[in-house]
Amino acid sequence: MKKLFTMTAVLILLTTLIFSLSVSAQEERYGGTLNAAVKMSVAHLDTDNSTDSMISSMMNHVYEGLFEFDKNLQVQPHLAESYQVAEDGREYTVNLRRGVMMHNGQEMNADDVLASFDRWLRLNNGGNIVEPYFDSVEKINDYKIIFKFAEPYAPFLNILASPVSNQKFVVRAEEIIDKFGDSVITEHAGTGPYKVENWIPDQNLTLEKFDNYTASSLESSFFAGERTPYLDRIVFNFITDSQVRVSGIQTGQFQFAEEVPRDQYQIFKANSDINTQIIYPDKMAVLITNNGVPPFNNKYARQALVYALDFEELGYAMIGNPEFWRLEAALHEEGNPWHDETAGEGIYGVYDPEKAKELLAKADYDGTPLVILSGQDDDMERNGAIAIKDQLEEIGINVELQLFDRPTVVEKRAKLEGWNIHLSPFIKTVPDPQIHQGWTGTNKWITNWDSEESREMDEIFERMVKEVDYDERYKIVQEFYDEMWDSVPYFNILDFSRLHITRSNLRNYQPAWQPFFWNTWLEE
Amino acid sequence: MRNYIIKRILLLIPVIIIVAVIAFFITNLMPGDPVRVILGNFATEEQVLRLEQELGLDQPLIIRFFSWLSRVIRGDFGNSLYLNAPVSEVLLNRIKPTFMIAVTAEIIGVSLGLLLGITAAVNHRKILDQFSITISLFGISIPSFWLSLMLIFVFAVQLRWFPVSGFKSFSEAGLGAFRYLVLPSFTLAFMQAGLVARMTRSAMLDTLKQDYIRTARSKGISAKNVILKHALKNAMLPIITVIGHNFAILLGGTWIIETIFVIPGTGFLAINAIMRRDIPVIQACIIFVALIYIVLNLLVDISYGFFNPKIKYK
Amino acid sequence: MLFYKSLIKLKHPYIITALVILMIIFTLALLAPVLTEYDPENNDARNRLKPPSFKHFLGTDEFGRDVFTRLIYGIRASMQVGFSVVILTAVFGIIVGVLAGYYPSLDNVIMRFLDGMMAFPGIIIAISLAAIWGAGKYNIIFALSFAYFPKMARIVRSAVISIKDIEYVESARAVGAKDNYIIFNYILRNCTSPILVQATFNFALAILDEAALSFLGIGIMPPTPSLGGMITDARSYMTVAPWLIISPGVMIILSVLSLNLLGDGLRDFLDPHLKGSIKN
């Protein structure tokens, strides 16, 4: 009897223990160091002085925006407490949150915001989009600012929080900006949940928990809302080889690995130590033509290219596993307020080599080999270039493929002559159609597009920027899609998702377009 | 002796100048615009021009050469275009991993090579000879990058004996640092062992055939003693030469191996610098390897006297 | 035939094996277009990463291309690079080596220059030059030749020096023979052995280094198949498609190994005195 009693007691004790263990496993836990393997190194950590989105992706932990995007790509006030739009979009009044501590020990106020905004407007690409329309900014008091425009300017808040490259406006301490001015900032003081502890170029960036972090009270959702720094330390390791990132997760060396081969998806899923993180919506594969020189200075030649390519086969070649890509003609994904189902009808995804040849003849294409210029370091870009060459040659078009390292590609692409086709991954989580203006109109980005059609495109964007009413603006966006698929300055071949993997002891990871680690914790 | 060394060092001056000229012109004729790499994809013309002026890249090539040469002689390689730090500082920070891997590889490679070479020579035309020859032939015939990928797959991914990549210094990880050294060092050592083994074998065979060894043998000195004392000492000259020459090949190998194993050494730095057109860093890395080669071979020449007192320095 | 019989006499079964393997590899490379029904660059991405089967007996790669086809075209490219490098290296090496060895006035200048060049490991020169000139078959041929020729020049130079003061050369000079005549008829004829041996090793080295350059992405331009390039591409698929990385590696080892064996054999056979010479 006594024996039975002891045994029962032990059993009960054990059960409770196991139960409590499994419960505590679900609970948030403070402390620990997270080792993340990211795919490439950065030149510096100053987002205003670069367009390399890798910088934002890490520095999001250090600097925060006045506004940030939530899971549904809705803009939410973040360092801003509230805001009002007045005068049909000519005036934006922003009230700042009070008592927000910065890494230099001071409280954030309007002066920090004004200094940061001035620098952003001059240096940052996002700022450069806003700058031509911007009039002035007025400080009402330490916590109230009014941004003024001469004409109604609809996309302002979306661009302030833009997730594209490094466009987002973030608040830095005024003293840092005074010290560095326009040159690259090497000391950092922001409001974020983590501060820069140590940066070893080409090796790693170590961020340390900021003890006096002042969180937003909104519900957390991707970049918006409450951020809790559970981890003591985040180390971003720069690992260029994807297989090394994968192996590091398998062996427990890393808890997060960015962009791993999608072909190994099944293997990852079968491994209980690994969680897969598919990013959706994520990116699109965009084909850019050089519209400044023949044959693609003629719109019929550009249309011909769309008909000449088998997009589905390109999907297999560029991305592989069909779970990770889908055909999509619009620049905003399904469910996004700026998505248009009818975009590209009759041309997008229509594989018709005969029509392509007809159109090429109409464009007086003389058979000069087309030069595809591509980098080697991005799989989508490289494999896409190889597959496009193969497909075009199949239907009798001569192609010269030029694969280079990144520096050479960037230099060659910046020139007017010497290339015809280039592929580039564009981010799909574009919050506002105005963002496309940055590369779509006359002589924007690298298309060298300067013709009657490009000026028509400019005109569409001019109207779009002033329209604050959603329905009216949507009509203009539809016009943009129509013009885009008629004059084809560049085109998106398909949408694709990146695959990240995390070690299963990393909890509460959210698969956002840029990885972030506040609100995540490491299980014992 | 001292005069000989001084003379040898003076003879090196034109060599070093040629090394500098080659290093400068190779790197400055590279296509690719470092400024655009630093600024990223969407950079504007204004940003590009501003940075070009800041970095002095708008000057003509020949002017840049002479101002570069005068600075390099004083040990100043300028600033890295990408890392925002003086090149000499960057390079110094990266020497330790390369040094540790190269030295470990050299020790493994030379020991293994001597072992294989002596075994082969002593067992001339027997099965052990054939075995040693085969192994050393594989050593010089396997592409190191392929071998390292295979080793990673078997020993790091499947068996998990060693980490897949990375580097830890002894101060960081204690003896655990060895775990990071094993795979990269062994990859480099394998080729080195092949080269040393082949040289050892033929040098030993040559000396073993020489009269005085035969005499020693006939006098009844045990075979082991003969080999170690006499034959090996006499075979040491060509073996040292091959080690001196091949250490540079080993350093060249670190360019690829460090890239594969993500080891923050000078080789990884060099390949990254080439991919980014970080010209000052490439120049420093190239000159670094060449200088090591030059110094090492100077030491080899001087050490001849130690192993063969018969050599008189003129 | 005489050569073959002498080899048999040498009792070197390895060399026979090496020659047989090399023959097979050369045949594969030469007859590549006949041996396969596939095109090495033609994609069929819907059938990507298929394991070895009757249809594709080494499987397919990430573009659905036949791996066997790419392999034999890859070795074809390696052989082209190897041959060209051997010839260019020999030509440059002989010219520079003879100039240095035959004309003492040039010797010092040329030797200092060669010393400077040889302070760089060949692969480093090749990587830097290939990075300057850009990827492409011809560029790496020139880069590798440039990296290898100093070594060849030195070998030729020492051979020339050891020969030029021998009596019969002296006597030819005494009867008024021109330099050209002496160089071609006396000196070069007597340097063929070391040149041939070094050329064989250069061939092996060129195949290895071409693979390394292609592996780094500065070698032969994709989609043209190359063994090193195939290995780079196969890295990401090592766990899901291991056949992609094994076959090009084995092909490189086989050809380099046979060439090195052949070089050893030639050295023993042509010039026993050279036995102790240092490779690389």
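Note that the chains take the letters A, B and C in the order they are written out, and that residue 1 is the start of every chain.
The rule is short, and it goes like this: a contact is a pair of C-beta atoms (placed from the backbone, for glycine too) under 8 Å apart; a residue touches a chain by one contact, two chains touch by 3 or more.
The model shown is predicted, which means the values in this text are computed figures rather than measured ones.
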{"item": "Chain whose mean Cα position lies farthest from subunit A", "value": "C"}
{"item": "Higher-contact pair (C-beta pairs counted), A-C versus A-B", "value": "A-B"}
{"item": "Distance between the centres, which are taken as Cα means, of subunit C and subunit B, whole angstrom", "value": "22"}
{"item": "Averaged-CA centre spacing for the pair subunit C and subunit A, given as whole angstrom", "value": "46"}
{"item": "Distance between chain centroids, defined by C-alpha means - subunit A, subunit B (Å)", "value": "42"}
{"item": "Where subunit C touches two or more other chains at once, by residue number", "value": "131, 134, 235, 238-239"}
{"item": "Residues of subunit A whose C-beta touches two or more other chains", "value": "241, 243, 404-405, 408"}
{"item": "Residues of subunit B whose C-beta touches two or more other chains", "value": "31, 157, 274"}
{"item": "Contact footprint of subunit C on subunit B as seen in their complex", "value": "14-19, 21-22, 26-27, 29-31, 133, 137-138, 140-146, 149-150, 153, 157, 195, 198-199, 202-203, 205-206, 238, 241-242, 245-246, 248-249, 251-253, 255-256, 259, 270-271, 274, 282, 286, 289-291, 293-294"}
{"item": "List of subunit C residues in touch with subunit B within their complex", "value": "14, 112-113, 115-125, 127-129, 131-132, 134, 204, 208, 211-212, 215-216, 228, 231, 235, 238-239, 245, 248-249, 252-253, 256-257, 260-261, 275-276, 278-280"}
{"item": "Touch list for subunit C against partner subunit A, complex", "value": "41-43, 45-46, 48-49, 62-64, 131, 134-135, 217-218, 221-223, 235-241"}
{"item": "Contact footprint of subunit A on subunit B as seen in their complex", "value": "31-34, 36-44, 47, 82-85, 90, 152, 156-157, 160, 163-166, 260, 262, 264, 268-269, 272, 274-277"}
{"item": "Complex contacts: residues of subunit A adjacent to subunit B", "value": "41, 43-44, 49-52, 123, 125, 128, 165-166, 184, 186, 200-203, 237, 239-241, 243-244, 247-248, 250-251, 253, 377, 404-408, 410-411, 414, 424, 438-439, 445"}
